[in-house]
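Shared chain: chain A. Partners: chain B in the first complex, chain C in the second.
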Partner chain A sequence: MSSSAENPTLTTEITKPSTEIATETAQSAKKINLKTSDDQIFEVEESVAMEFATVKSFFEDAPSSTDTVPLPNVPAKPFSQVIEFCKEQIKFKANPDETEKKKSNSEFVKEKTNEDLVEMIPVANYLEIKDLLDVLNQAVADRIQNRSVEYVRSFFGIDNDFTSEEEALLREEHAWAFEDVDED
Partner chain B sequence: MENPSKFTVLSSSKGNNVPDSHDRLGGLPEHVVHHIISFLGANDIARLSFASKGCRQICISSPYLYFDVDFASHECATKCSQFKEFLSKFLRSRNGQLIQLLRFRWLCDSCECSNERPYDSWICDALGCNVKELDIGYRIDEQNRLALPISANWLCFLEVARTEFAGLLHKFHLASNIGFSRGLIAEIITSLWGIYWRLGSLPAAHHSKG
Partner chain C sequence: MERLLQSINGDLVTDILSRVDGSALASVASTCSELRGIARDQGLWKKLCHSRWPSTALEETEHLISGSVHGCFDKFYSDACQLVLYDEFASANSLKLPECAELNPGTSPSDLLSLIDVYSKNRCVFSRVLDGIPDAVDIFKHGLVDSSWEMIADERQKWFLDYPFKLELMGQKDDDDDELLDSPISSISEAGKSRENHCKKLIEDLRLSWILVDKNTGKAVNLSSWKPLSVQKSWPYHATLCDAIWVRSTSGRKFASSEAGQIHNNSQIQDDRKRGVPEMERDQHEN
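Now for the complex of A and B:
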């Protein structure tokens, strides 16, 4: 996981006031501080933070307690991308447009690396952002679709715990599954 | 960490299974992996199950299964039997865990394979896993008539059944223990490809033999 020092763009990007969101939630421009597992503080609009069901229920359970909410399972790097997604989603809440939303979602995943996508999944799951989880799981499935076993292993960082004999046997006995696979 | 009470609140309900290895898939909760699998195409789940022993376990328990094989007769012998063995073993390893969707396409030109009707046992195994949706396709000809091994008892478990047939459909008869209305059979005959029916539309406990 990257340390805070080597990622200067991260904090500037998040803390700068987002004009689009500010106009929509003018009456409640309240900010919430969220602290990631690697001790970075993200100051986000309340409306964005309420997209995280986990954070929302935290405030519902303890409305008066405030300042900084720790997110012990959430590293800063994927979290900044999750915030990026939620900011976009909020725009569609005000103006529902399924076509535009789909387009925006597919653009969001298109520019993400495999690692970005895979790192965001546990964050989306932990924060219970259902829409994002749907988008990520679909994107990950699309990327491993029709790929070789080796590609899938490196995609997820899976350790091959089959012995070379077992692996050879698997390949021999399941030739049908290894056919017509896209090149890595 | 300086605020232990909040830490507890936010982590208590979820179970922090942060992976200590770099295996990103193994670190995800099972339902998330199954959700990913639900978007996979034909045979991707088979390849995923060969990635590691852990992957195999999580694939076997997946409620979403999709297999598609198309064998030309000359190469049928080994591959066919390998696929049959794989799928039977795969379905039986599930020990009855619920299947949301079983989709398979089985196209083999060999008469020998067609007469064997391996899909009957796959369907039965899937029914043993209380499958909700069956989407099956296989070649059908004179020797190999349509007869789904589904009894009326299973209708309540199945939400959707969908079949597609390849090849010529000369005659077919339906498993005699299900009643199909004449209208429904006519509908099936009308279209050789992409036959689709919802069991919900079947008259319950109706026993007119088509």
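Now for the complex of A and C:
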């Protein structure tokens, strides 16, 4: 899997017509330009862009718009992964197969780092991609299940702001929860 | 990844936390004050309680747990998910036993609520809330204890040597709860197995969760999750499950914990005196 984040223009990867999508409808040839918060332009097939409810409603409000759509809350790195997900999803729209879809979703999250997942969540939320948000939230939940407090802290990149007394009290209160956690 | 949480709003965190179990939720609550606030959401704990012990979703329980000044769902979950351990098991596994609260001799069985959930193959098939302790004797009313909480020896013997938790479940469908249990019973019967095998199978499949809640303080204790000691089937139309949970020393008998797959030996019930369930005697003789 090539990492789109390392490629600043991204157009070569994104515009490469996916045969499955291109043959579906004539519309899919149309491209839409989306500009991320770090000023990268993504040229995305319309069928993929319409998976983003936020973008879709942009065009519903201004049907004839040909401008580049700004996505002020969306950085390029997680966005390229979100596009990757949506391209896969579209295949299942034409040919719904729940088992295959689940398999594809779990493969998608499997190869993502913790950081990737957490970074994609606000993007999926902003773009209102419900399926992706569901997949991501479940993946994060699975990854913090049976883990130590320290692991959860580093997972979310949070600082411990409890005093040592408070922490000791919490540890005692929740002692029952820490008996069977996995090794970090 | 610095302060990733800041980019995820509270609703999203709540959605993630609604997908983890109670232990993970407690871990999250211990990470920082911001997550602690979110992880104390009673809705999350209520959902966990309801799915683990469907009896907590029954109206009278829910009212008691959420309405109590002392009790709320996170506290209840924490109380009820900890299995009752006994000294020997705890010391062998370096576990700390909860300290016994002060005795409150004024408590009688009628101050308690029994939350009963019966599971068959890990699926809850029956939930009931019972007032007090089923078939319990009010040891105060009957003068079985003296003022210093010592039970009169003979009476104690009588009380413990025969104190089964007996549950009769009808194979007939008289309401939705029982209907589910009907299927494992009848399917085995139809398979032509002998009655004895059938009962053995039920012993393997059935688990009981029995949580006592103090109506005054909201404190709960879990006496589960025990395999039935015996199952008897009555002929011809209904199955009677004699779910005999002997609340006394049964040396050599083991029961499985659904929580961690540990095996506990049923010997001593901690933390019960104040609720009017007298402490079990380690050296009680098998009769």
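The criterion applied here is as follows: the second predicted complex is superposed on the first by the 169 of 184 C-alpha atoms of A that agree within 3 Å, B and C clash if a C-alpha of one lies under 4 Å from a C-alpha of the other, contacts with A are read in each partner's own complex, and residues count from 1 in each chain.
Convention: contacts are C-beta pairs under 8 Å (C-beta built on N, C-alpha and C of every residue); 3 or more make two chains touch, one makes a residue touch a chain.
Every value quoted in this text rests on a predicted model; they were computed, and no experiment measured them.
Placing chain B and chain C on a common chain A by superposition gives a clash between them.
By the document's definition of touching, both partners, chain B and chain C, reach A:Phe162.
Contact with chain B, but none with chain C, is seen for A:Thr54 once the two complexes are overlaid on the shared chain.
Of the two partner chains placed by the overlay, neither chain B nor chain C lies in contact with A:Lys103. In the superposition on chain A, A:Thr68 makes contact with chain B only, not with chain C.
By the touch criterion defined above, A:Leu170 lies against chain B and chain C together after alignment on the C-alpha atoms of chain A. Touch counts on chain A: comparing chain C and chain B, the chain ahead is B.
In the superposed model, A:Ile121 lies in contact with both chain B and chain C. Chain B runs into chain C after superposition on chain A, and of the options 79-87, 151-159 or 187-195 the stretch responsible is 79-87. In the superposition on chain A, chain A positions 118-119, 121-122, 125, 133, 137-138, 140-142, 144-149, 152-153, 156-162, 167, 170, 173-178, 181 are in contact with chain B in one complex as well as with chain C in the other. Residue ranges of chain A in contact with chain C, taken from their complex: 115, 118-119, 121-122, 125, 133, 137-138, 140-142, 144-149, 152-153, 156-162, 167, 170-171, 173-181. The touching residues of chain A, counted against chain B in their complex, run 54-55, 58, 61-62, 65, 68-73, 118-119, 121-122, 125-126, 133-134, 137-138, 140-142, 144-149, 152-153, 156-162, 167, 170, 173-178, 181.
Residue ranges of chain B in contact with chain A, taken from their complex: 1, 3, 6-7, 9-11, 14, 16, 18, 21-29, 32, 35-41, 43-44, 46-48, 50-55, 69, 71, 78-79, 82-83, 85-86. Residues 1-5, 7-9, 12, 15-17, 19-36, 78, 81-82, 95-96, 260 of chain C touch chain A in their complex.
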